[in-house]
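Just below sit the structures, each encoded as structure tokens.
In what follows, chain A forms one complex with chain B and a second complex with chain C.
Our next item is the complex of A and B:
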């Protein structure tokens, strides 16, 4: 069982840290699935407080890591599955954030056995006060999940949604949902094929509807557009406001556009394209009002 | 004693008190011909901080008739007196009331005067007999550099280990080779000697000391904007931190270090690659090895299972894993007796399989068809169904046996565990059971 990866680009390193920081905000533990060409992180409801949603991130290794070697325990296996503390991972990668104060040359990830299995994060950092690069090593303890338990750690699937809307301003949505959290425990997402998204929060005293009009409409797949005639009516789904708020508050990424897929009365699927091959997903299940 | 100083210097004294307050709860003040000295010692007496100000920092400096003066005061009132120093233009320290009170007079902007009287607890002083200029290794660097080192560790960290070699210094939050907690994240920072202003290390040494006091001194070095010097010999001997500014302010922090005998070190805890064992190799090893160690190993496994009996869950649900240890425990004596026989009769493959099954118990628990697998695993090796073989070979490659075991720790201790065992006969210990012999005590 071997894993080795190296990052060289500062921008990617910063993004990678932002992903880890997002996971750390959502839950205590995260699952890292290493495949031949992909790296996945999953934050599960089981591993965190009740108000956090299911979030997973898929990273195409080619994008972030010029070097990425993964050798599973046995040749017929596809993955290495590890469980680790998201907080530790985020702290270990914090050095990559590298504001103006220091610059990072490279960052290596390496699976090692030191008393127990660890992911070693080895960063080579140059601080402004000196010219010499120094090496910062953090050993994040991990638990190796045996193949027999992989079933419960599989990557979730993106649900089929009737409508997908792209919201251009994540910041607006975040502060809005944060305020609606105090008004209603559930939040209704209404989407229409005319490119409109209505966010409805209801309380005994008031009903607050926020209308996003002319939001980018992502055409559904071919087969779904056939039923488009009857899907002319609005699609709506009501979700837990605290969960939605927890998701939006946890996001540490600089991206501004988010895609919201609505599966009528089943779930809301949120997708954040960090890069074309680096995608963060989340599913907010529907609640009954 | 009476001394006066202007606002800027008063702020330095305030900073000094702030950083001394992180060391100990009492402040020792000493005045003599050389100037004013403040000291603090931490409750466990593992750190002594000493900050001395030369006479030229003061506008006036009057000593009592005896020539020197010392006292001990509580840190808390001192801290609150020297809190908001921004407005202070002039400060006067004097001893009043027959050497029982320390009076602090602060003249601030807008003609405001703050006056505080702190009672003196004792006429006491502390001294340390640690030689402060004979260290073999000395490292001097800018406070920013040490700040960066300190900041790369978690604020909840308690100890810092410095490993100095001829040309590199590594700072670690753990001791190389010593066991750490399973959830502990090890961090280390490796610096080249060229990053320091002065780097003189005679021979490699490793020192571990308390980071809290070190950080408090670092804060003072930052306030003074002065370089810091670390001096040390080896594990167990004192670690000195020195800050010096224009001969006016001299600071010395003496920290005790962890001695080498206090730490148990093993090669198991050093870094190594996670390797997977080559199936062929291990098979060969097994064949060549005598049955002796295998018996031992099995016996140990049996003990393990009996121990883990305590860890089984409170109520035995239909969870296979919880059910296994108790079962094993109930049949365990039989197994021990059969031990010798098994070794003679059993062919090698079944033997090997039994071991493997036992080692990778967690995986086995979820993969293998259950009904009699515990028996197969622990004593009845001859009857092992041949269908299990391929799965075992698969298990062999997992070279990290401890990861499945860790889960066990979360379980709750069993209460009335015997009630759930197969050997339990419900009526046996009941209170109304038959009396076999009359009570010997004939009181009634």
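Our next item is the complex of A and C:
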């Protein structure tokens, strides 16, 4: 079982750290699935009141890593599956965030066995005071998941949704949902093919309706012809406000657009395209009012 | 309320009472404010109790909050502060003040304009918020109102011989209070025509005392009007409730008389000269035997 990857681009390294930081805000542990050309992270849903939702990130290795070598334990296996502390990973990568004070040349990830299995994060940093690069090494302990258990670590599938809307103002949405959690425990997402998204929070004391008009509509590829394209359709789903807020508050990425898919009365699925082949997903399950 | 009505018809909004479906002209109160920042921060400053009372007339809007019949804060916003201000009659009602503050801050740091509408008894208070930096987004908040609760009436007798008045610069007074003993239980305010003119003493648990004296000739003092010495003690917790307003005040008026009732008047420093102030009435502590 071997894994070695190297990053060279400053922008990509910063993004990679932002992804790890987002995961660390969501949960204690994260799952890393390494495939031949893909790297996936999964953070599972936590079942407590201030819980965070299920979030997963898929990274096409070609985009971020000029070098990416993965050799599974046995040739017939497809993956290496690891569990690690999201916080440790995020801290190990924190040096990549560095601004003007120092610059990072490269960052290597290496699966190693010291006394225990770990992912070794080696960043080569040049500080302004000296020309010699120094190496910052963090060993993040990991647990290797045997293939017999892989079934419980499968990558989630994006559910089919009736409508997908692209919201260009993530910043406003974030502060809105953060405030709404103090008003009502559940939040209704209502989308229509006319290009509108309404967020409704209701309680005894107040009703708050926010409309995002002229949002971009991404039609799902299949089954559209049956419904009749010209008929205006709308779907809605009610979700836990705290869970939604936990997701939006955790986001550490600079993206301003988010795609919101609504599966009527089943779930809201959120998709953040960090780049074309680097995508963050989340699912907010429906709640009964 | 265009979009809330549509959503109600579709069954998304369930609470019909929160909808007002009449024409714009029928509102008892219709105001429009271009920038909510100052409005929000002054509401936040008086947000120390559950319910607040809103009264409006042609001169402006008064929002009052009370706690335990011993402190009352009133925010006054003059009609000139609004871009549009139409009042029919004199509407008054009670509303959950923290819900109102929460609604005004829905969009966080982005500046918004707000339209405030109220149709009349029994109908909700409507806030229509529109952020300036994104015209595709708009919010309709409808907040439940209840009948107005009777407010305590506090008044200082303007003709009383013991009425003492001091006008001070806001930032200076705020600095003085900032440096006082945070752990103190009680504050004692002395105003007298002779030295020390104006003194704030804090009394702590361990008999610890600190005091600050401000002479009437000080640069901090704009006006000093005092004929008789007044001394009164106040709960420090109640004085602390004025902190947020004091921090943003440009000018403060301190008034009291022989009864000890303290009136604090904070002039808000809005960018232009439009009037907005917060007034506090704080009742004094009774003299205990050992004093």
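In this section, the second predicted complex is superposed on the first by the 275 of 289 C-alpha atoms of A that agree within 3 Å, B and C clash if a C-alpha of one lies under 4 Å from a C-alpha of the other, contacts with A are read in each partner's own complex, and residues count from 1 in each chain.
Assume contacts are C-beta pairs under 8 Å (C-beta built on N, C-alpha and C of every residue); 3 or more make two chains touch, one makes a residue touch a chain.
Just so you know, these numbers come straight off a predicted model, no measurement behind them.
For the composite obtained by superposing both complexes on chain A, the positions of chain B and chain C are free of clash and fit together. With both structures placed on the common chain, the touch criterion links A:288 to neither chain B nor chain C.
In the superposition on chain A, A:148 makes contact with chain B only, while chain C stays out of contact range. When the shared chain is aligned, chain B comes close enough to touch A:114, but chain C does not.
Once the two complexes are laid over each other on the shared chain, residue contacts for A:179 go to chain C alone; chain B is not touched.
When the two structures are aligned on the shared chain, A:136 is found in touch with chain B, with no touch to chain C. Judged by the touch definition given at the top, the superposed model places A:11 against neither chain B nor chain C.
When the shared chain is aligned, chain B comes close enough to touch A:73, but chain C does not. For the combined model, the angle formed at the CA centre of chain A by lines to the CA centres of chain B and chain C equals 90 degrees after rounding to the nearest 10.
Once both complexes are placed on a shared chain A, the shortest Cα to Cα gap between chain B and chain C comes to 12 Å.
Of all residues in chain A, those touching chain B in their complex are 1-2, 73-74, 85, 88, 91-92, 95, 111-118, 120, 127, 129-130, 132, 134-141, 143-149.
Taken together, the chain A residues at the contact with chain C in this complex read 168-169, 171-172, 174-176, 178-180, 182-183, 188, 190, 198, 200, 202, 204-215, 234, 236, 289.
Of all residues in chain C, those touching chain A in their complex are 3-4, 7, 10, 12-15, 18-19, 96, 99, 102-103, 105-110, 124, 131, 134, 136-144. Across the complex, chain B meets chain A through its residues 142, 144-145, 148, 152, 154, 179-180, 182-192, 194-195, 268-276, 360, 362-363, 366-367, 394, 397-400, 402-404, 406.
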